[in-house]
Amino acid sequence: ADDPVKIALVHGLSGSTFEAFSKQSHTGFKLGLEYATDGTMKINGRDIEIIEKDTQFKPDVARAVLAEAYGDDDVLIAVGGTSSGVTKGMLPIAEEYERILLVEPAVADSLTGPDSNRYVFKTSRNSSMDMQAQALALKPGPDLHVATLAEDYAFGKDGIAAFKKALEGSGATIVAEEYVPLKTTDFTAAAERMFAALKDKEGRKVILIYVAGGGDPMGKIKAMQPERFDIEISTGGHILPVLPTYKRVPGMEGAIYYYFENPDNPINDWLVAEHQKRFGSPPDFFTAGGMAAGLAVAKALQSTDDWDTESLIETMQGMSWDTPKGQMTFRPEDHQALQSMYHFKIKVDDSVDWAIPELVREIKPDEMEIPVGRNNQE
Amino acid sequence: MNSITSAFERYGGINLLPVLLALIAFLLIGSPSTWVTLTVAGLAMGMMIFLMASGLSLVFGLMDVLNFGHSAFISFGAFIAASVLAALTAWVAADSVILNLLALLLAIAAAALFGLIAGWAFEKVIIKPVYRDHLRQILITMGALIVAEQIILAIWGGSPISVPRPHFLSGSLIIGDVSIELYRLFAFVLGLIAYVSLYVILNRTRVGLLVRAGVENREMVEALGFRIDRLFVGVFVLGSALAAIGGAMWAGYETLITAAIGSEMMIIVFIVIIIGGLGSIEGSLLGAIMVGLMGNYVAFLAPKMALASNMILMMAILLWRPYGLRPAVK
Amino acid sequence: MSDIAIDTNANAARGRTGRLVVYAIIGAIGICLFLAPFLFPDVRSQEVAARICIFIVLVASYDLLIGYTGIVSFAHTMFFGLGAYGTAIALKLMGPGWDAILLGGALGLVVSLILAALVGLLSLRVKAIFFAMVTLAAASVMAVMASQFSDFTGGEDGIIYKVPKLFSPATKLLTDEDGKVLRIFGAKANGKMAAYYFVFFGSLILYFIMLRIVASPLGTVLEAIRENEMRAEALGYRVVLYRTAIFCIAALIAAGAGILRAVWLKYTGPETSLSFAIMIDILLMVVIGGMGTMTGAIIGATLMSLAQFYLKDLMQLASEATAGIPLLPELLAPDRWLLWLGVLFILLVYFFPAGIVGTLSRKGGHP
Amino acid sequence: MTSASLRTEDLTIRFGGHAAVNMVTCAFKAGELTVIVGPNGAGKTTYFNLISGQLKPSSGRIFKGDDDITALSASARAKSGIGRAFQLTNLFPQLSVLENVRLAVQAQHGLGPVIFRSARSFANLRDEAYAYLEATRLQAAAALPVTALPHGDQRKLEIALLLALKPDIFMFDEPTAGMSVDEAPVILELIEEIRKDTGKTILLVEHKMDVVRSLADRIIVLHNGELVADGMPDEVIALPLVRDIYLGMPAEDAA
Amino acid sequence: MTSPILELDGVSTDIAQYHILHDISLTVPEGGVHVLLGRNGAGKTTTLRTIMGLWQARAGVIRFRGDDIAALHTSDIARKGIAFVPENMGIFGGLTVEENMRLATHDGSFDRDRLARIYALFPALETFWTKSAWSLSGGQKQMLAIARAIIEKRDLILIDEPTKGLAPAIILSMVDAFREIARETTILLVEQNFLFAKSLGQTVAVIDDGRIAHTGTMAELVEDTALQTRLLSLSLDAHQ
């Protein structure tokens, strides 16, 4: 009888190859609502209407369409966006319109940092989680020597900083930090420098790769046969399309955000089965992330009768809910969702197109010390 | 001073620049094995860039057409090669060099064939109305580039696609502490073949002359009895096929490709043809090798400078020779 | 000779109707922009209108270079960015005040002027393609610097900041009896409206300055330089000085547009003010509108911005309307809007070879 | 020497090894019309280019009156009163005929850098420009773009531009080349007109011997970049060397 | 005389929206030099360009050896054996003199005898053989343009004002050279230099304001000074 409640999905749907990620996120979000409402798409008797907005991966467009969603379409909650820069531009709009913005799948830590505000919640992981989990997966000890490779900009540097912080006190040493320009395609020189730094060290020698873009540094460095100096490669897990390139590094260990066989819970089982049924393929990073966001919205709406922003914020602060990745919790201070990561080891199975990041163990949220970006309580 | 320059000229002049660069790098790097690794890698990288750049240099230098859509041919070449290789997975992964090679050559041939056909259509529809008008060329080729990228997105989707590398080309040749990627060796050989064939076509026939004359004064070339439009199509098609082959090789090198693969290479391609001088494939080769070597040496010696190194190289060369190293046209 | 005379008249008449059409379009756009907050009170239209105002200035200032003088520069976004970042950083560091806008904006303008003069004097005497490359290099160095000094610039993510209270949406310009924001034809007389008129009149002033410049003797000298540099020199014009001067003027105006942009968006990042994509947008707008015509900037910027914001919606409608027909709906799928934008460019080149204004008024641009 | 309004001293320019103008020392007086002849490629146009500043000499100096102008740029020389018309037509192709001349008038008035006044408000410039079109009988073509002019009219426009600069030193490079017999006299009359003003110096490159004879006060001959003869018209034309290298026939037949 | 090599019948040409040529009819007999005269802007250049297919005739027939060539592509017209020396010379400045010449040959190789004769006629070309064409002097460019048209035997050469900018000695030697060329080739010459035209021409046509104003033999015109005055305003210039 009531008007439907509107939710906007504000992502980049055109203009960048990342549009595929946005689409995964949309699929996941809808599956999440479907799961939470048993397919009725109604909460407390009200229909849920989803509005899709395209940021075109441009911050100015993103701000315009988000403002439009809040101002003209009168949505209750907006979810987005895909790239960190664009999402950062969206944060103040939420504050201006005093509506909730649920960040998914953009990763940057700064999205819950000082520039953020109390209307922003974030279900996606952040870089600190990636790097802390990665550090834990290396089982650091005094005999560990690491050379790091990252891209030379804020994202890369922050990641390595988080990694170093996670190693603190473990006795492990960083012997070299290499930063290459964004979009580098040839890693020969960086590899030579890291080989030189590592090869005469005693103990475990690891090259840690933290490169977000393409360029396949792992494959290229592996092709230079680091094993002749007993050097291992370690890098975080990746989305399915990239996993075939991991076939070249069987036995490699690292941490991954999501791989459909790793989490063991009913929601994930449902997701994998449904996704396989509907799309003929297993779900990937951003489907899982989108679903987590959908479930968060559903839980928040189901938990209060009074659907205004203030009571929603109150409900969501500290809220725990179940997702394909197990239970997540919005940390009250900065509204970042704390969540598990997965320690994996690469297994190559010729009958599977990609390399399998086989689960070693789940890294629980409380094992990681994710820095608090800001305090919304104050 | 004069005797130095004249000796320099006698032993090959600007062709010696890469050698000079390598010598300086040798002194700075110190470790011979590292130097060899970097040099070989740089040379091969240069050859792959050459493949992508030479087509644009021909089209830009000889026909005076600014084709921003060039990168679309690189991207299409990459994706077509990737699809062919994916379809021939069995051959690619087989332990037989012949099957490997066959799969690879088929992939490259498919890319080249596409370049020929699409280049022909592109010239007819897109380029023909805008000869001699740089700004409209920018607009229309930019439009075509958008369309082409969208088509790639529509066909292959937005997620990255992984390109299987033939078994015999994976891994490296290890000699002492030197490691030489096999794929790079192959790229080097293919680049060399392309260079020699182009050299013969352009220097043993009047094609190059005619096209250059046609750019300056189309009417006069026609009044001399040549169909300049057909000639232009020919050159354009050749340029597109080269770009597609370059894209195919690049796809194999990158192993993971997205629709942006071509446009990401465009800046470096432009730098190479400007360093080399417009319209000359000798120049493109020289420029590509300089850029390839410089990139690796600087990345090793002063990683902070790596990004700026190409730009600095370009500025330095342009200050020294405002038309590039070996321009075919001034 | 008599035939020629008659034909010339007919031609002139045709050109005249074309020009009338152009002026009618310009007039309509001008009125729409002036009354935008009342005619189109929805949020997105406001954004689009402000963007159009700013881009008209940016595009027209670029046209001073490329269309009027024949200078191809790829550094225009660098100056745009300097204006925007100057203002943005000052607002961030000093807090939301007019002093910050004045100081930051002035800093952006001064740095732009110095850089433009340096680049111009050092390299405007060389070949066009070389100059284009120098500017490309300069622009990419600037982009790298913006990314490296992320403490100030926010790196890839950019910076967000607040602007003076007057421009905040919560500010009530006029109130009704209940103390609520007064609505005029559905438009709220709030700070947003103030911000819009700040942008609108700022752009208008800059645009009028440019109109004066192109109509002035200086403007005619620029055209002469474009047509035949060597001959202009032989007539006694110092070509390098003129080129440098116009390069500086264009840079200042672009920086001015950057200030407006920074104030309006309350966010400044590489994607909104420094990226090569914006450079391409500017180039396309100039060519679509018609080079060497100040009115072309208005039409080009408007058309392109509307396409970027609304083509997608239009296709949504088209796709739904053609739902039954095979194939068409897929081709018209909204996510493929860029494809149609590309097709639009191609068609524009076919049917408006001298840009829209140039072709309509038959004042062909130079080949 | 102060009576010379223009003087070159050992003026030389080399392209590669080839000296296109070689040690040319020559003075030109106000009120005098000097015709420069010489075979094709002798260096006449190059000599002009050196004087007007389009080329920089390899060595030697150029004086205008008593001032050494060797280091001045082309634009500065134009401002100082050295004006020239080009051999190969060199105009602003897309601008109208009137606009071409107006630019020259504007340069002459030094109004280029004016920014905040409409160019149209300078009606005097326009009127003046129009007067030069009338002088060269181009008024009918005033509104046409230069590209639509037939060759002969473009040559006339070239001269209109030169007139508009009001120089003290006029340099014409084959002004009547390609002009039909009924048009050429218009140009010649214009040159005669200028000559009446005794303050002006005129340098003229011309191949048509009838024109040379009827106009010249003095003829100088360039050959392979060198000054090989200088004197009164009849004397010079009678020189065997000149007949040999330039006219290619007995002087009496030259007409 | 034998049958005409070139015939224009009722040719009208427009450039953009201007009507330039009106109903031009003209016959060029085989062999010899035939002259097209007219004042500036009369339409001479336009006539040559129309024959060459560089402007499209709106109406009329252009017959070369009996075949209608009005609709052919310029390059096909050239391949029928017609060479063209345009008014602006059409030099490829970015190429060397040699390359300019090479493009005018059908297979890229030179006939030594002809080349030797061209060198004798225009010695500057030999001197500058390997230099860029843009560095040539005005007259040298003109020489190159003519040399290109005669480097191989053609049936018909259309020449637009070849003597402009050439020194008297060269013009003199060109008279002989053209006579010799005209033995194997027909030349249609547009010329302002009446002296030169007079010493070569066999037939003459005068164009005025885009229309044929007179056709006849050169001898006739030379005799008839009244006609000269009427058509060409020759009396204005006593020297001619």
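Each chain gets a letter, A, B, C, D and E, in the order it is written, and its residues are counted from 1.
Here is the rule we go by: a residue touches a chain if its C-beta (ideal position, glycine included) is under 8 Å from a C-beta of that chain, and two chains touch if they have at least 3 such contacts.
For clarity, every value in this text was computed on a predicted model and none was experimentally measured.
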Original post:
Tell me, which chains sit next to both chain B and chain D?
Top reply: C, E
Original post:
If you tally contacting C-beta pairs, which pair wins, B-C or D-E?
Top reply: D-E
Original post:
Compared with chain E, which chain's mean CA position is the farthest off?
Top reply: A
Original post:
Where centres are the averaged C-alpha coordinates, which chain has the largest centre distance to chain B?
Top reply: D
Subject >> Centroid spacing, where centroids are CA-atom means, of chain A and chain D in whole angstrom >> reply: 75
Subject >> Distance between chain centroids, defined by C-alpha means - chain A, chain B (Å) >> reply: 36
Original post:
In whole angstrom, what separates the CA-based centres of chain C and chain E?
Top reply: 52
Subject >> Residue list for chain B, restricted to those that touch at least two other chains >> reply: 307
**OP:** Would you pick out the residues of chain D that each touch at least 2 other chains?
**Re:** none
Subject >> Multi-chain contact sites of chain E, meaning residues that touch two or more partners >> reply: 18
Subject >> Residues of chain C that touch chain B when the two form their complex >> reply: 66, 126-127, 129-130, 133-134, 137, 140-141, 144, 280, 283-284, 286-288, 291, 336, 338-339, 341-346, 348-350, 353, 367
Original post:
Which chain B residues qualify as touching chain E in the complex?
Top reply: 206, 209-210, 212-213, 216-217, 219-228, 329-330
**OP:** Would you pull the chain C residues touching chain A in the complex into a rising list?
**Re:** 42-44, 47-48, 51, 147-148, 150, 154-160, 169, 265-267, 269-272, 277, 308-309, 312, 334-338
**OP:** Show which residues of chain C lie in contact with chain D when the two form their complex.
**Re:** 1, 8, 212-213, 215-221, 223-224, 227-228, 230-239, 242, 245, 364, 366
Original post:
For chain B, which residues count as touching chain C in their complex?
Top reply: 125-126, 129-130, 132-133, 135-136, 138-140, 142-147, 149-151, 154, 267, 270, 274, 307-308, 311, 314-315, 318, 322-323
